[in-house]
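Structure first, commentary second.
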């Protein structure tokens, strides 16, 4: 069975996922597209032989749509996801699940009322082979109980529109999700401090930022977010356990020895760095939908948790580095697991 | 347009490619399957909703088959490829193109008579991202003219059925193809010498073997083939140019520090090591077929060259390490390029 | 001219330095030894043809002693160093310079009154080739202004006598010194937090500890101290600047590929890890003494600063992770530089 | 006891060893210097408080000379070494021991007649920590029987005076010695082939050269000698055994990430690359001499073997790559061991 996907939001990320579902991942086709810009919707839809529909609500209701992909503007996510749940259709929502914790909780409640999981949130790092290898090593018990995590998330540059709270909301949110999953542990507090700022930035931006998270089990996570590091897109993660440590690999790259240096290229682009993760994310999602199974990727609860923890980080940033407790509801048994 | 692929030979490698064309690569479906074992053909065909046909000839002739995939027993390759050319259908032939240089030449002649490329041979390394990065570096001119290549091709173990000539025919043939492409240069002689043999082998097998190839431009290639190295599947390649060198990366893997060692896992399996190369190989082939374009992967001429060079290596092995000239016809302009 | 060194304290570290000055470093000989255990002093002195003297004071006063090496019990350091200054003799004092900031200041004042530098403190990392390479890279300006430093200091295990404050006093003190020098910047505050403790420890010990230091220029340093990490002695240091980063190398070690792993050994022992640094430290000190020059290694002021910062770290540990300001006097021009 | 060393030959290498014995290694002093250029001898001798003597013979005979260091022009080595043996004095002779195999044998015979080892030849790689680690790994048996060795010896450039046979005589001779020791196995044949030459060379020079050696136990060694590789001084060595491999480390160096590259510096200079090996070489030699023990470094027999094997390599080079048997006498029991 080919899964017929309706796409809400045909901007850059929406088009990239359409390409992925059309050219890279088998078992799916795009049956409908909508966008706030009707002309763009029509153009993108035509390219892949899909219908251009006027609204998200109509797209979700369409009998030609088996599953919904939400890649519209963040503030509209909650409405589309709630509509999809109401229609009983699987929905993949790009991050964030919703822009407020309250809206995330409404989605969680709606999904629980529906009785089975319909929602997957677009945190792709869980699908990266490096993080998956880390998870395997940690699960094997070879390194004992995790105690500390050191991370760095560096981008070469960001545009002027990037603001200081986005370091948590747009950037660190990826580590927040993947570490909750990697450690199988919940983050209970956040602290954001700002060392000397780079002079290679826009005046308004605090960059770099150091974020510190503590988990329910007492693991301490430090994360350097440096979005104008100039040299490349560099993701580092090291988990230290009682008996040893495990470190995320950098992508394989040819080594060159010339002019007195032994060197390898640093990736410049998050899309290339996590291309395989994105592909696997959608492959597994389509497989689950095609099988009529619940999705196994990040859940609505994970989307809620990420928003609550991100909010705590932003409050810490805005209060000069105070430690802020994540104000999270108890985890419903419905979502299984620990974190 | 979905490319309808007919598969001749439903053994292990055939089934793996069927899985790939069904589950990994978009734009294709399996429309027909044949195998010397009719029962197996029926079973595999049923699994993917294809027709089971009694012979390769009938499969090639079928109007439901747009392109042919030959994964049958090596000695039957030539016949199927020639039939596909006669039918004017694109054909992807697993290595070897044919078991004799004469049969390879018959295919080359048939394809030239047909007037456009129909044949692609299954040398997958050209599609590996590491080799592609090497090619980019070499093409950039940053390292100057290539002078020397050092390679190693190591398998953890091989079964009893593996014989000494297979070190060239089945194992080194991958380096032979990828180096001709990487250097854009033709191999003109081969020499195979046998150092002290491992005691962890079957009595009949000369393992390891050192192969030395020389190219038309005077580049010297040494290749260690060691198919019972015990520790893993390990592919090494280093090209030394006038101004520096470039080295194939090993696959990215998490680093673990525990019990006094810093370590990473060595791959154990060629399928996993080159999984991405196989996927890309078929993705690009299907794209070319769907577009009605000539294939851009290894050609019938490359299949012929690999067979001639492999033959030279086996003759050298059988004559105690004499340098044997590759008895190759002049390259037809039809195939473009140099090697 | 051979420098005649008198050694106060013939315990393990004293004997190791005696070996170094006798067998490794040229230009010196041990002329006198004293120890609280007179028998041990006699035995060690006899081994190297030195005189065994009853007290530090007599040793310092001896006309056969050109320079003094203090390797006695920490609480006695101040007295011996002050005596050496009073005698106008160069003195190398193992860390700590003194056990209180007050005593350190008395030494600083005495040295300033003397009018030229006589004191060097035994912080050996400044002599390690890796840190020196880092200093060169940072000084070159290639990475721009430093913003953040990430460090780890891990020991395989420590004995029962190791207490929680020693993580700052005995362990982190090495990073405190080397980072002040590396960054040419002063540390102005310290914070020590304790994540989940390893269960592989003595009940009384908080291990690991995370220490955070801030410098006058706003650089933020995080340092993981984990003295029961089990797997080895592992020193990591990464400085992130506006334009890139530089990372301390791990010691060169042969790579082994066997049984499915590619691995290198992790050092187990700080003595071996910093053997070259210790040798260079004493070689440069003896050279300076022989030349009648002031020592160029860590000064009395550096010893004072390390004690003040260490005190701040211990106070933070004892007050549940409060940020504690380092209560340091203004740097006298006498000591030049910034930090 | 301080060993009084007389130095024959006060050129660049002689002066460097004088510096080492004076400033780096304890337990020695230079008591006499001679040189074909009497003025240079006087100047160098004055610098270290030694006597300048007119001839090697007089220096060897001097009662102020306990041990002799020969660093004069190669063709004079044999005479000085024979004189030292006649005088019963330990002698350290820079490579080559002698310029002909016949002269080497005369030294071997004289030393055997003397009845105990007096001669050490200046092959320093056996003292490099990386090779020593390799030796430990191989001796542990963890990798099983060695089968193959891959080496590279690359210099950034060489001066015009460097001729094609020097690739064996001056360059590869280091690998010849260290591999005989590492494998504890004798080299029995040599072959030198010349791939495409670099255009960045003097017309007269064949560069790079590939040398192939076979040992008595059937191990096959390939060695790339490339003395104008432009990018640096790069020494590679990998030993492949039945159960795995071990690889020589490159020197530890800080890693820098900037401008899109992750890189480390490649050494440019053999003196810096092997500085620690040279120091250890002389430290151990002086220790043995001071203890009245036989030297444990490369013996006169090793000097003979290196000359015979080097001769075979040069003959192969001059006969277009023929395999040339090393015409070596049987190893006298006097020298113990195997190779």
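When the chains are written out, they are named A, B, C and D in that same order, and each has its own residue count from 1.
Operating definition for what follows: a contact is a pair of C-beta atoms (placed from the backbone, for glycine too) under 8 Å apart; a residue touches a chain by one contact, two chains touch by 3 or more.
According to UniProt, the chain labels map to these proteins: A, B, C, D = Inositol 2-dehydrogenase.
All figures in this text were calculated on a predicted structure; none of them were measured in a lab.
Traced through touching neighbours, the fewest hops from chain A (Inositol 2-dehydrogenase) to chain D (Inositol 2-dehydrogenase) number 1. Per-chain Cα centroids separate chain B (Inositol 2-dehydrogenase) from chain C (Inositol 2-dehydrogenase) by 58 Å.
Remark: chain A (Inositol 2-dehydrogenase) and chain B (Inositol 2-dehydrogenase) have CA centroids separated by 38 Å (rounded to whole angstrom). Centre to centre, using the average C-alpha position, chain B (Inositol 2-dehydrogenase) and chain D (Inositol 2-dehydrogenase) are separated by 44 Å. Contact with two or more other chains is made by residues 230-231, 243-245, 250, 257-259, 264 of chain C (Inositol 2-dehydrogenase). The touch graph of the protein chains shown is complete.
Interface residues of chain A (Inositol 2-dehydrogenase) facing chain D (Inositol 2-dehydrogenase) in the complex, by the touch rule stated above, are 230-232, 234, 250, 257-266, 268. By the touch rule above, chain C (Inositol 2-dehydrogenase) contacts chain D (Inositol 2-dehydrogenase) in their complex via residues 22-27, 129-130, 133-134, 137, 142-143, 243-259, 264.
Across the complex, chain A (Inositol 2-dehydrogenase) meets chain C (Inositol 2-dehydrogenase) through its residues 144-145, 147-148, 150, 152, 193, 195-200, 208, 210, 214, 217-220, 222, 224, 226, 229-231, 240, 242-245.
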